[in-house]
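The same subunit A turns up in both complexes below, where it pairs with subunit B and then with subunit C.
Let's look at the complex of A and B:
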C-alpha cells in the first residue's frame, strides 16, 4: 500500500502538518513550496536561544483534487504551538496570493471551461495565533491574511479544516471564522480566547480550563456544528476530511459563499440576532443553547457517536441564506 | 519632550479634536439609525472633517456593556464588534453609487485593551464578531473608501487587529502619550514562553519584531506616521485621507493596507525575511505551475 493510502486511515488529530498536507489532496500530487530543504527558518528565535524549524512550523504547497489546483496551508502544533511568526505568516500570505494569481491565469487560459479547474485554498489549522517571540511580525501577518481573504472572496473558496490537537485560537480563531467554509471533527476546537486564557483572566469560576468536557462543549466540533459555526462535522481521519473537501469542491462558488458566517451586512445582522439570543437566554453552558435549538436532552449529545449525533442533533436554523460581496 | 497628558481612555475627546467642530451625528449613517443600546463600548456615527463627510468608529472607555460585563474600559465585545462592522457596511451602502474618488473616509480612533474574554463570548463565537469587522473594513478599503486609523492609547493584540490593522494608513500618537502597541505584557510572555524575563526585557529595548511600542512598530511599517502633538492629529488625518484617496484614484492599492505595510516595513529595514519568503515561494511555484494550472 502506498504512503498516501496509509495516510488516509490516519487519525487527523494525530497527524503531522506534512501528513495532512499530503493526504488531503490526490495521491502523489502535493508539491511543497518553501519546504524544509530550503531551510528558511525564523531569524528571531535564535536571539532568544530557541530552536528553529526549517519549515517554521507551517507546511505550504500545492496539490490537485481532480483538475483543481488546491493550495494548502498546514500548521504544525508541535512547533511552538503552531504559532504564526514572520516566516510562517509570509508563507500563508504567499500561498493565498499565488492561489488568487492562479485563478486569473486559469480564467484567461480556459475562458469558457474554467469551472472544474478553478483553484481552492485549504487551511489545516493547528495554532494559538501570534507567535509571542516575534509578536509584531505575527500581528502584521494576521492582518495580511485577512486582507488576502477579502481578495479571494467570490473567486476561489477558502476552506478551513479544524481537527488537530491545539485547535484554532487567538488571532487565527477569527481568521478561521472569516473563511468561506469550515470542516471540523468532533476533536477540533475553534474559538477566540483559549480556555486557559479565559481562566487566567476571569477566574476558575467563569471557566475551569481543566474541565475537558466543558472545554469541548464550548469550543469543540459538535458545539460549532450545532451553532452553524462549522459547516460539516466529519470522522477523525484524513480520508474523512479529504472526502468532505472533495465534495464541497463540486459546489459552485455562489453556494460556497452561502455557507459563510460573516462577510456581509446581512450576515452581520444575522449574527446580531444570535447576540440578542445570548442576552435573552443568558446561557450558563452551551447545553442551554443546544436545548433552545430543540435538543431535548442536550447532555447526551457529547456522548453520541458521530453517526448518531448527525442524525439527532438539531442545529440553529439560519435566517439568512448567503452573504454577497458588497461594492 | 515635556510631560504630556496621556489620551488613554479619552476616545470621545479625541473625536472632538479631530473632526469639524460639533459635526458628530452619533449612531447615524445615511438613513440608518443604530439602536442606542447596542454596543455601548463603541462609538459610531457620521462626522465631517475638512468639510467632507466621514464615518467615525471609536472605542468608548467610559462606557460598560450591561449585557456583557467583560466590556468596559474600551474592550471590544460581541456587540461592539458587530456594531462596528455594521457601521462599515452602512457606509459602503450610503456611497454605493458614488465614484471611487468620492467614497467617504472611515476614521478609526483606536484605544482598546482587548476583546472580551468570557464563556458566553466563546459559546456564541466571539471570533466571528472580530473577524466580521475586519472583513467589512477590508471590503470598504477595496471599494475605495480611505480607511485611516489613529492610535491614541492602547492598541493591544487581537483588538488592534480588528480595530486598526485593516486600515489603509495607521497613525499613532508618539510614545510620550503612553501609547501602547503590543500583544501582551512581558511578564505574561515570559510565563507562557518560559523565557527569562531579563532576556525579554533586554530584547524589548532593541528588537522591533519583538519589542512593544510605537517606534518599533513604525520600523516594521506597522505605523505610517507618528504624531507628536494632539493638536497635530486633525491635520495629519486630513492629510492622510487625501494621500490615500489619491493613491486609490491612481490605482495604487498595493501601497495601502496590510500588504502596503509589508512593503513599507521592508523599506524601513524591518521584516526582510517576509519579503524573501514571498519571492522564493513565487519562484518555486512558477517552476511547477504548468503541472497544476493546466492539468
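Let's look at the complex of A and C:
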C-alpha cells in the first residue's frame, strides 16, 4: 500500500501538518513549496534562544483534486503551538497570492473551459494565533492573510479544515471565520479565546478548562455545526476531509459565497441578531442554546455518533437567503 | 542565550551510500526534533549540525551521534538537526526512525 493510501485512513487529529497536506490532495500530486530543504526559518527565535524549524511550522504547497490545482496551507501545532510568525505568515500570504495568480493565468489560457480547472485554497488550521515572540510581524501576517481573502473572494474558494488537536484560536480564529466555508470534525475546535486563557483571566467559576466535555460543548465541531459556524461536519480521517473537500469543489462560486458567515452588511446584521439572542436567552451552557434551536434533548447530542448526530441535530436557521445551503 | 550551534564530523570504514537525495523526518515539538539528511560528497565523512537551545551537552550529543553513525555505517551524508530539548534517548530514537523510514521507502521503490 502506498504512503498516500495509508494516510487516508489516518486520524486527521493525530497526523502531522505535512501528512495532512499530502493526504488532502490526489495521490502523489502534492509539491511542497518552501519545504524543509529550503531552510527558511524564523529570524527572531534564535535571538531569543528558542528552537527553530526548517519550515517555521507551516507546510505550504500545491496539489491537484481532479483537474483543479489546490493550494494547501497546513499548520503544525506541535511547533510552538502552531503560532504564526513572520515567516509562517509570509508563507500563508504567498500561497494565497500564488493561487490568485494561478486563477488569472488559467482563465486566460482556457477562456471557455476554465470552470473545472480553477484553483482553490485549503487551510488546515492548528494554531493559537500570533506567535508572541514576533508579535508585530505575526499580527501583520494575520491582516495580510485576511487582505488576500478579500482579493480571492468571488474568484476562488478559500476553505478551512479544522480537525487538529490545538484547534483554531486567537487571531487565527478570526482568520478561519473569514474564509468562505469551514469543514470540521467533532474533535476540531474553533474559537477566539482558548479555554485555558479564559480560565486564567476570568477564573475557574467562569470557565473550567479541565472540564473537557464543557470545552467541546463550547468550542467543538458539533456545537459549531449547530450554530452554523462551520458548514460541514465530517469523521476524523484525512479521507473524510478530502471527500468533503472534493464535493465542495464541485459547487459554483455563488453557492460558496452563500456559505460565508461574515463579509456583508446582511451577514453583520445576522451576527448582531445572534448577539441580541445571547443577551435575551442568557444561556448558562451551550445546551440551552441547542434547545432553543429545537433540540428537545440536548444532553444526548455529545454522545451521538456522527451519523446519528447529523440525522438528529437541529441547526440554527440562517436568516440570510441561501445561507442555509448545507450538506 | 542565543541558540547553540554544534558541529560534528565522523568517519567510518566502508560506509554505506545513502540511497536518497535528501530526507526529512520529525517535528520540532517540545522535547522533540527534526532531522534533515542530504547526500553530499564529503570524502566518506558524515557532517552533523545541531541547533539547540540546550547548553552544555556537546559531549553527549557527540556520543549519541557517533553511535548512530557507526551502527548504520553512514557516509557522504550531511545531517542537520533542529532540536527543542529532546533527551538523548529521543535523539537516537528519531535518528533510527528517520533511517529506517528511508530504508523502507527504498524497498518500496524497487
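Everything that follows uses one rule, which is that the second predicted complex is superposed on the first by the 321 of 327 C-alpha atoms of A that agree within 3 Å, B and C clash if a C-alpha of one lies under 4 Å from a C-alpha of the other, contacts with A are read in each partner's own complex, and residues count from 1 in each chain.
What we mean here is this: contacts are C-beta pairs under 8 Å (C-beta built on N, C-alpha and C of every residue); 3 or more make two chains touch, one makes a residue touch a chain.
Just so we're clear, the structure is a prediction, and the values are computed from it rather than from any experiment.
Once subunit A is used to superpose the two complexes, subunit B occupies space next to subunit C without a clash.
Contact with both subunit B and subunit C is seen for A:47 once the two complexes are overlaid on the shared chain.
Looking at the superposed arrangement, the partner reaching more residues of subunit A, out of subunit B and subunit C, is B. By the touch criterion stated above, A:36 is placed in contact with subunit C alone, subunit B being left untouched.
Once the two complexes are overlaid on the shared chain, A:58 sits clear of subunit B and of subunit C alike. Applying the stated contact rule after C-alpha superposition, one finds that A:78 touches subunit C and leaves subunit B untouched. Once the two complexes are laid over each other on the shared chain, residue contacts for A:94 go to subunit B alone; subunit C is not touched.
Contacts of A:162 after superposition on the shared chain: neither subunit B nor subunit C is touched. Applying the stated contact rule after C-alpha superposition, one finds that A:16 touches subunit C and leaves subunit B untouched. With both structures placed on the common chain, the touch criterion links A:146 to subunit B but leaves subunit C unconnected. Our summary of the superposed model lists a minimum C-alpha distance of 8 Å between subunit B and subunit C.
Overlap of the subunit B and subunit C interfaces on subunit A comprises residues 47, 49-50. For subunit C in complex with subunit A, the touching residues are 1-3, 22, 24, 27-30, 32, 34, 36, 38, 51-53, 80, 82-85, 105, 108. Remark: subunit A residues 31, 33-34, 38, 40, 42-44, 47-50, 60, 62-64, 67, 69, 86-87, 89-91, 93-95, 97-98, 102, 105-106, 109, 117, 129-130, 132-144, 146-147, 149-151, 153, 170-171, 173-178, 190-193, 197-198, 201-202, 206-207, 218-219, 223-224, 227, 229, 261-265, 267-269, 271-272, 274-275, 278-279, 282-283, 285-286, 289, 325-327 touch subunit B in the complex.
Those residues of subunit B whose C-beta lies close enough to touch subunit A in the complex are 38, 67, 70, 78-79, 82, 85-86, 89-90, 92-93, 96, 115, 117-132, 134-136, 138-140, 142-143, 157-158, 160-162, 165-166, 181-184, 189, 192-193, 195, 199, 203, 207-211, 216-217, 220-222, 257-259, 261-262, 265, 271, 273-278, 280-282, 284-285, 288-289, 291-295.
Contact residues on subunit A toward subunit C in their complex (touch as defined above): 2-3, 16-17, 35-37, 39, 41, 45-47, 49-54, 57, 76, 78-79.
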